[in-house]
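Quick one: the structure is below, and I'll ask about it shortly.
We just call them A, B and C in the order they show up, numbering each chain from 1.
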Amino acid sequence: MSSFWIILIGSLVACSCSIVGCFLVLRKMSMVGDAISHAVLPGIVIAFLLSGSKEPIFMIAGAIIFGLLTVYLISMFSNSGVQADAAIGVVFTALFAIGVVLVSLYTRQVHIDLDHVLYGEIAYAQWDLISVAGIDFIPRSVWLVGAVFLVNILLITTFYKQFKLCAFDPIMAAALGIPVVFFHYLLMTLVSVTTVISFDSVGAILVVGMLIVPAATAYLLTEQLSKMIVISCLIGICCSAGGYYLAFLLDASIAGCMVTIAGLLFTITLFFSPSHGVISKMIRRKQLSRKMASNDATL
Amino acid sequence: MNFLQLIQDPNTQWILAGTLLLGICSGVIGCFAYLRKQSLMGDALAHAALPGICVAFMLTGTKSIIGFLIGALVAGVVATFAIGYITRESRIKQDAALGIILSVFFGIGIVLLTKIQHSSYGNQSGLDKFLFGHAAAMVSDDVKIMALICAFLIFITWLLFKEFKIVSFDPNFAKGLGFPIKLLDQLIMLLLVVAVVVGIQAVGVVLMAAMLITPAVSARYWTNKLHYMIILASAIGGISGIGGTLLSSLGNNLPTGPLIVLSATVIFVFSLLFAPNKGVIAKMRVRYYMKKTTKHSIENSIMTATKPKEGQS
Amino acid sequence: MASPLSIRNLSVAYQKKVVLENISFSVPKGKLIGIIGPNGAGKSTLIKAILDLVPSISGDVSIFGGSYEKNRKSVGYVPQRESVDWDFPTDALDVVTMGRYGKLGWLKRPSQKDKEIARQCLEKVGMSEYSNRQISQLSGGQQQRVFLARALAQEAELYFMDEPFVGVDAATEKAIIALLNSLKNQGKTVLVVHHDLNTVKEYFDWVMLLNVSLVDVGPTEDIFTTEALQKTYGGKLTMLDGESSPIIIN
């Protein structure tokens, strides 16, 4: 029974991450996703210190504020002449450093230890049962992650056209009257919320793995955005199940194993994808060379 | 012991020397990473170092710093190659390639780390110090090795300064002139890995990126000449290293990494605001001055145009 | 005397698409040659393939009778302006001095003589007073002139220029063309990727019509005809009867 909950939580986390991760990959904002996942740490700590409680609502609020602050600071520095990638690096490292310092200073009050932050505690999540609408055998994490998953699906499907156009051609989107900036910050808000909820299970460092790797793998398998999102979720579920069993086998971190499986699947796809794999492209190039040579012969 | 006693303690002096070297090294190579738009590569390489360090520990069974450094170096080289390969051979863009390598290598590293920690001799491995840095753990031997590595890095950069410059500014032109740009790219990347390897002891894997980026960005605000930028960045890096280490000695449980990063960030914000010509305040003053003089000259033109001429009523 | 540039069966493909097909030609020394063709014709790619900046599927390139590897010191290159980050911390003189790096090889630093040559090249393009100007502060035309000065500093015999007149003011354009003519008069060969059909007759004594495959190459009076142009541009040209020669709208 316990493995079921763990794999379920992992799958819900992976799917939530994949849904927003696909847009990050397509908009070349993978590292912004990385930045947000690090920068929400001080948000969580400050929220905890101010509210005195570990209720998720405060953590989520803190995460959203710091997530949006991160994006805002990155744009601000970018616009005042710092290169975009350097702006990302400066902002997230500074915010994460603040977070780590706060955790170190206030460990007793905050009840967050750095290990939990890094690796997550997915194995323990199943014991934290709460009662919702009379159902009392479902762990709290499942409710939280499930809720975030549903919110992500809901928002992305409702505004699918807008998100798609803003990712593909923001200038045209603006010309059509779509509020590009609003959707940009909406996406970043979803990333922040997804990140903070995923902290509990996979930890801060590995969230970016779940955001990017399944999405990038799906990117190599299909030409359609809708399929890309679905495929990345399926890959995420495989990572969750595979990661759990690998962790059991190796007696190691579940989160780490999830990302390792994701890496494995990505590598296989990189080489063997029928449409974009390296091997397939080599075969096609040889066919083209042969065709050109035979064209010469007939001239 | 109080602050003055602390600084005079030879142990502290070794530690300060170590963090100074770290800052200088990362400042120098960080400039090239910045100009080549590879700032986040340092982040990826730092995260990728973790599995290398773990494997080195698993193979040698000891905490030897040389072992760790070689492990981190090998992992860094593999990561560099992988990022380049993915970017070249597939439609995955560089930012996603960085994110993939960063998270997957780090994930593998965490798997190895937790395995080691669960095993019998795991707790003495000192490996988790590599996550957020523990400058206080540096001993004189470590620092001597760091000094050699740092000297090597600075020497190569000085020797090949013009080659690095042209391959960073205009690689196509450099290739046309006959410079092997792939080789030079790999060399710069190798030096980046070297700087990472030196730095992660003090700053840790997670925050190493900051040491490569923040001093270089800050230095850019103060000068338009590459060689001054490099010197300034290494100075800023060194000062941050020392500053952060001193700050962490004030508390009991404070890891050095975050404090070094915050010191560098403070210098960055100061540069952003107060640098002459490029700083925000300087630019605001120019804008204000331009507005005033333009307004003034427009008013003058209007006055001259509308002034009644002599002899007319 | 070997031809400055001789190409045989050069083909370049990008993934599935063939962008240059079986290009063969030979150019004589001391000519100013314009490379003309519609967008996507492969004009920039041709230069990049010759200079080994992009891989080719097939073909031989011979420069002054030898391979590019062997004779690269005789080749000068002015790439497109977007290929470079103009925020790089360097000034105009420094960029021109980089043109001397080929002659210096590894490790050696630019000498006073190299800097002097760089200064003279800046003067030839009329940019002496901008020697110490940070390159981000230069206008488009000024940047183009700096690139040109850099190519001159290479002291080459064969020059390739990729769209040197794009985004450049009329005065700069005149200055560049004057410079190219003086190069020609010194016996150097210059190939220029050009986009403005209306100035071809005035600027170039030879012209190359390219659209994935080579339509024709030779002296402008012989080659630059209405039929050849229609063939190159696939009927997408509009020609108005101008006063002395047709005005072409692309």
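Odds and ends about this structure:
The rule is short, and it goes like this: a contact is a pair of C-beta atoms (placed from the backbone, for glycine too) under 8 Å apart; a residue touches a chain by one contact, two chains touch by 3 or more.
As the structure is a prediction and not an experimental result, all values here were calculated from the model.
Viewed as a network of touching protein chains, the structure reduces to a complete graph with every chain in contact with every other. Of the two chain pairs examined here, B-C and A-C, the one linked by more C-beta pairs in contact is B-C. One finds 25 Å separating the Cα centroids of chain A and chain B. Taking each chain's centre as the average of its CA atoms, chain B and chain C sit 39 Å apart.
Put simply, the C-alpha centre of chain A and that of chain C have 46 angstrom between them.
For chain A, residues that reach two or more other chains under the stated contact definition are 281. The set of chain C residues that touch two or more partner chains is empty. The multi-chain contact residues of chain B, meaning those touching 2 or more other chains, are 37. Those residues of chain C whose C-beta lies close enough to touch chain B in the complex are 48, 51-53, 72-73, 75, 77, 79, 83-85, 88-91, 95, 98, 101-102, 104-107, 109-110, 134, 150, 154. Residues 34, 37-40, 42-43, 47, 86, 89-93, 95-96, 98-100, 102-104, 106-115, 118, 131-132, 206-207, 209-210, 212-214, 216-217, 251, 253-255, 257-259, 261-262, 265, 268, 272, 278, 280 of chain B touch chain A in their complex. By the touch criterion given at the top, residues 35, 37, 159-160, 162-163, 165-166, 168-170, 172-179, 220, 223-226, 229 of chain B touch chain C in their complex. On chain C, the positions that touch chain A within their shared complex are 9, 11, 13, 15-16, 18, 22, 57-58. For chain A in complex with chain B, the residues that touch the partner chain are 25, 28-31, 33-34, 38, 77, 80-83, 85-86, 88-90, 93-94, 96-98, 100-101, 104-105, 107, 114, 118-119, 205-206, 208-209, 211-213, 216, 219-220, 247, 250-253, 255-260, 262-263, 266, 270, 276, 278, 281.
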